[in-house]
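Heads up, the thing below is written out as structure tokens.
Chains: A, B, C and D, in written order; residue numbering restarts at 1 for each.
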Amino acid sequence: MRDLLTIENLRTHFFAPEGTIKAVDGVSLRVREGETVCIVGESGCGKSITALSVMGLAAGSSGKVVGGRIEFDGRNLLELDKNELRTLRGHEIAMIFQEPMSSLNPVLPVGEQIMEPLIEHLKLGKKAARARAIELIAQVGIARPEQIANAYPHELSGGMLQRIMIAAAISCSPKLLIADEPTTALDVTIQAQILDMLRRFKAESNMSILLITHDLGVVAEMADYVVVMYAGKVVEEGEVTELFSHPKHPYTKGLLRSKPILNHRQDELYAIPGQVPNPLELTVSCYFHDRCGQCMDVCRSREPRLREAGERHRVACWLYEEAVAYV
Amino acid sequence: MSEPLLDIRRLKKYFPIKSGLLNRTVGQVKAVDDISITIRPGETFGLVGESGSGKSTVGRTAIRLTDKTEGEVAFKGVDLYALPPQELRKLRPKLQLIFQDPYSSLNPRVRVGDAIGEALLEHGLASKDEVRDRVLDVLSLCGLSSYHIDRFPHEFSGGQRQRIGIARALVLNPELIVADEPVSALDVSIQAQIINLFRRLQETNGLTYLFISHDLSVVEHLCSRVGVMYLGSMAETASRDDLFREPLHPYTKALLSAVPIPIPKLKRERIVLKGDIPNPANPPSGCKFHTRCPFAVARCAEERPEFRHVGGERYVACHLV
Amino acid sequence: MSAISGGLPAADTPIARKESVRTSLWALALRRLLQNKLAMAGGIVVALMFAICFIGPLFSPYTDNKIHMALMNKPPNWKHWLGTDALGRDVLTRVMQAGRISLTVGLASMVLSVFLGSLLGAIAGYYRGIADQIIMRIGDLLLTVPSLPLLFILGALLSEWKVPPEDRMYIVMLLLSFVNWPGIARMVRGEVLSLREREFMQAATVLGLSARRKLFRHLLPNLVPLLIVIASLNIGGAVLSESVLSFFGLGVMPPTPTWGNMIDAANNLIDFQQRPWLWIPPGFCIFATVIAVNLFGDGLRDVLDPKQKR
Amino acid sequence: MSAFLTKRLLYTVVILLAASLLIFSLYAWTPGDFISGNIKLTPERKAELREIYGLNKPVLERYATWMKHAFHGDLGYSLAQQKPVLTLFNEYIWNSFLLAAVSTFFTWLIAVVIGVVAAYKQYSWFDTLVMVVIFGAMSLPSFFIGLFLIKILAVDWKLLPPGGMLTTGSNATGIAYFREVVRHMTLPVVVMTLLGIGSLTRYIRGNLIDVLKQDYIRTARAKGLKERKVLFKHALRNALLPAITLVGFELPSLFGGSLIIEKIFNWPGIGQLYMQSFGLRDYPLLMGFTVLIAILTVIGTLLSDILYRVADPRVRLQ
């Protein structure tokens, strides 16, 4: 399988009056063709900013991609000019977001919002675009597509709106779909429908998916490959079965153990102590050291590198550093 | 079986939909539509459901934070809705609520110490000299440090704020705590901390919980009995083990099968429900679930199923069971 | 969000230690205000304006208000930096004396209208029901009647009551407050309505706190930021309104000088064309004061009321 | 929608009735009247005239009479000008409208353009400059800036006429007439635009800044739309939507003239007429004017509500 997206040493920083927030600090990952990669982590770990950086949407008044490479289908996205990147967005790389309610323009009918990328990228005429938009609405499993196309976002439920978002995203048959917590705001029964649909589209079109989520259950259902982030860095990555059955990083282990699992009841949950460090107060160290049960001296003063720890399995932790180095 | 701590009987809470020239009521959202729950001392009753199920409204009506439309709520045999306001206020410390959003439920301009201690003073449960010590005790019980007492809410993370919310309720020595999605706004690692805290506090302080959540895994972990709500009605109640091992109501089955489980390549039977949750202002006829139920028969659309006792601690509202 | 230490001790409280150095929202807001250059510039200009008007005349040798025929209508010179008027009085001194009145009227009518508006608005929002209906309907009524004609009528009405000229400034204050309160009441009511529904107010109910405590400890302190913003932005409006009224001879009347009635000199064709020193300086003072107050008020809004950024 | 309209209309009528009664009583209580101000009249003649004009009757009775006439489209008879009030309004109101319409047009045009650019380039030097100018414009005392500009541009530099609508004694026609009016209205229009521009620019800038932070703007960008389209189709539409309500609020100033500006620039508009009549205590005219503004105000408010409902799909259906 060919690499579709390769991110190398990406660094996206935000400049606040109180200091620099290294939201994404040296993240590398790759997404292969037809593969679903999940970035998992807690809020503030930089998973969404990583995705937005790929889209070229992370930079704003205070944020900036300060280094690294993002190679998509043979092109370095960070070197493209604004217009070239724009023509990729919505066309070859599409994205859906967490809050379908606020992600659609409240004053435009949803059909028109699906038509936009068709007109922009595929140069369809208005009529053709509308016909295609109605097909797409039907494809994402909404009944009465002609009527729904004329509806405004506030008239539809969250689940329907996320379907509309997906319809707009897949309208130009993108090679990569970035889904940022696409089901977090939805009910479980609706989440099941949406995840089912994403899997179906991926199977039908060989589309790659970069799925960002905090829910390990969703990861297990969707991912081929998993990247675990903590405080702006990748701490561990690997194929989903390998990572879930043999987690190496204490943080990954902790995450997996701290989530109650249906029909696997324990009396006491494992809880990672403490909380995520303040991004303004980070010093050179393993950022997880103050919450880690196996913390060593070296963890407090030096940063571990991401090293191979098995077949397609890498971990950034001093516990494995020597073992890997001397083998 | 011991005397119930909280007895909710045939509770109804309708929100009027007003419209027209004179603001006439043209319809009603039946947020809670004939719900009965009995909670015994020391147990944790889990209430699950999706958005629009009315589970939060049950929580709020159960402690008379909003008015009911019909039905009865008795706390240790006292009808809450029959109490005059002053009596109710005196009883408040015994019935506490923990909110979902740890950000908006704390007054941003009140120090943590005051937020926790003020009700103690207000109800004369502690003298001015004792308050500080009581607050310090409860802070440490909830995993916070003593120096936190002088800080303002905005200086805390979400998980810490939720601890403050718990401490604020706990300091009053309540007998019943209604927890309304207390961990939904928190990250996984923090969720586990708070869930463990709930559990520990139940053991040390003999608390009774009405635990409201949409997360079935959390409910299974924490609750001894569980009720499943759909569009304002109770679909099924059962002991935890019964419900999770052998759900009877088709909605419960679907709900359980929809929960993503963090075990890759797990083979399990899946019921993917079709369609959306109907608008609670205009619920389907008969059994409210019939529009999405994979097993629905003609009768389901016409006749509302009775909430029946089906043995042990199980009650189900379904024609097919 | 982590703790930032330092800052000012906030309001004392029974349980938390008084000598605490933790930061309240007030201290945070103050710190951010100090970083806002435009707002601080505005604040400094306002302070200077007050200082000059209230302290300045003490250092002026020309405060006697006597008529000096020999000094009539002199253009600006070294002795009289802004020249003299038709009665030979020093214009600079008069501008400063006028400033005292104009600023006092602006400040006092602001205090009065904010007091009235917030009291009535808070009652309407907190108790709702019949009180709300009555207060807001009266407010609507007053907002329907155009304010300038209303001020004119009221000004004329009160003129005929033979109010001594030196007391007219109090009447003007009352007039301006009477016209201004409905707008303020509306904003305050809206804020109280939304505060009532906030979860921490529900939490106060759950804790069984008394109505008094809920109102004074939880609701009102959260209303204060809005009031501060309204108040600061209201001063500018009041200074402007006073000047309009006085310019048209319906506000404060000579011999009591205000910036507005000093510009009245422009109604005399010769003064208007030949002696701009008589009416341009007070005009600039009004402008400078109002812009400074507005900049400062806007800065306050930014730090105190982030959701209403406009 | 129709229920909403009926309700609003009813309320509007009630408020108008109350407002007109309030205004009427205030004018009635204002001491002095047109007759007592006229020194040529003998006391007997004065009494006679008062009888004729009904000035000696109780306020409520006079109000009832006035209201009855008003319902029949008769706002009374100007005592000073000896013409029906409505005729007078018709003579003057269009001059006011001309001034107000042109300046409102420029105000909106400039405010939208500057507001959009400033919001789009938030925190740039242009934005800061705009903010300072906005505050300056909002802080101008209207009569003073009028006088100041007349002094500089008309008196000292003699670029433009100092006031009026036509040069005294002019009887220009056609193009020449048009040019003369344009020259005369330039200054008042500049001043009125300047006075209106501040708050509107600020409003539009603020709205647009809020809108640009919304999730759906990010979605539009993620769809690869051109920045121009993101700004004008997605952002501006949402930002201008609440501004639609302001259109209704412009109504009183469009037809009601501006008391201060028309007075300063000696513009023969309805505001100027009011100021003259105020000195003369010509009550029918004052009353008519004030009620006219009140009517325009409530209609404007109503219009705003309706426009907002029509424009915003979120409230359209309710």
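Going forward, a contact is a pair of C-beta atoms (placed from the backbone, for glycine too) under 8 Å apart; a residue touches a chain by one contact, two chains touch by 3 or more.
Values in this document were obtained by computation on a predicted structure and should not be read as measured data.
Contact count check for A-D and A-B (C-beta pairs in contact): higher for A-B. Placing every chain at the mean of its C-alpha atoms, the farthest one from subunit B is found to be D. Separating the CA-averaged centres of subunit A and subunit D is a span of 54 Å. Distance from the subunit A centre to the subunit B centre is 32 Å, each centre being the mean of its Cα atoms. In this assembly, the C-alpha centroid of subunit B lies 49 Å from the C-alpha centroid of subunit C.
With each centre defined as the average position of its C-alpha atoms, the distance from subunit B to subunit D rounds to 55 Å. Annotation for subunit B: residues 157 touch two or more other chains.
Residue positions of subunit C with contacts to 2 or more other chains are 2, 4.
Subunit A has no residue in contact with two or more other chains.
Taken together, the subunit A residues at the contact with subunit B in this complex read 42-43, 157, 159-160, 187-193, 195-196, 214-221, 223, 240-241, 244, 254-256, 258-263, 265-266, 268-273, 275-276. Per the touch definition, subunit C reaches subunit D in the complex via residues 38, 137, 140-141, 143-146, 148-150, 152-154, 156-157, 160, 236, 240, 243-244, 247, 263, 266, 272-273, 276, 279-280, 283, 286-287, 290-291, 293-295, 298, 309-310. Interface of subunit A with subunit D (complex): residues 55, 57, 61, 82, 86-91, 94-95, 97, 99, 102-108, 113, 116-117, 120-121, 152, 154-155, 165, 168.
Contact residues on subunit B toward subunit A in their complex (touch as defined above): 50-51, 157, 159-160, 187-193, 195-196, 199, 214, 216-218, 220-221, 244-245, 254-266, 270, 272-273, 276-277, 292. Within the complex, the subunit B residues that touch subunit C are 63, 65, 88-93, 95-97, 99, 101, 104-114, 116-119, 121-123, 128, 131-132, 135, 149-152, 154-157, 165, 168-169, 172.
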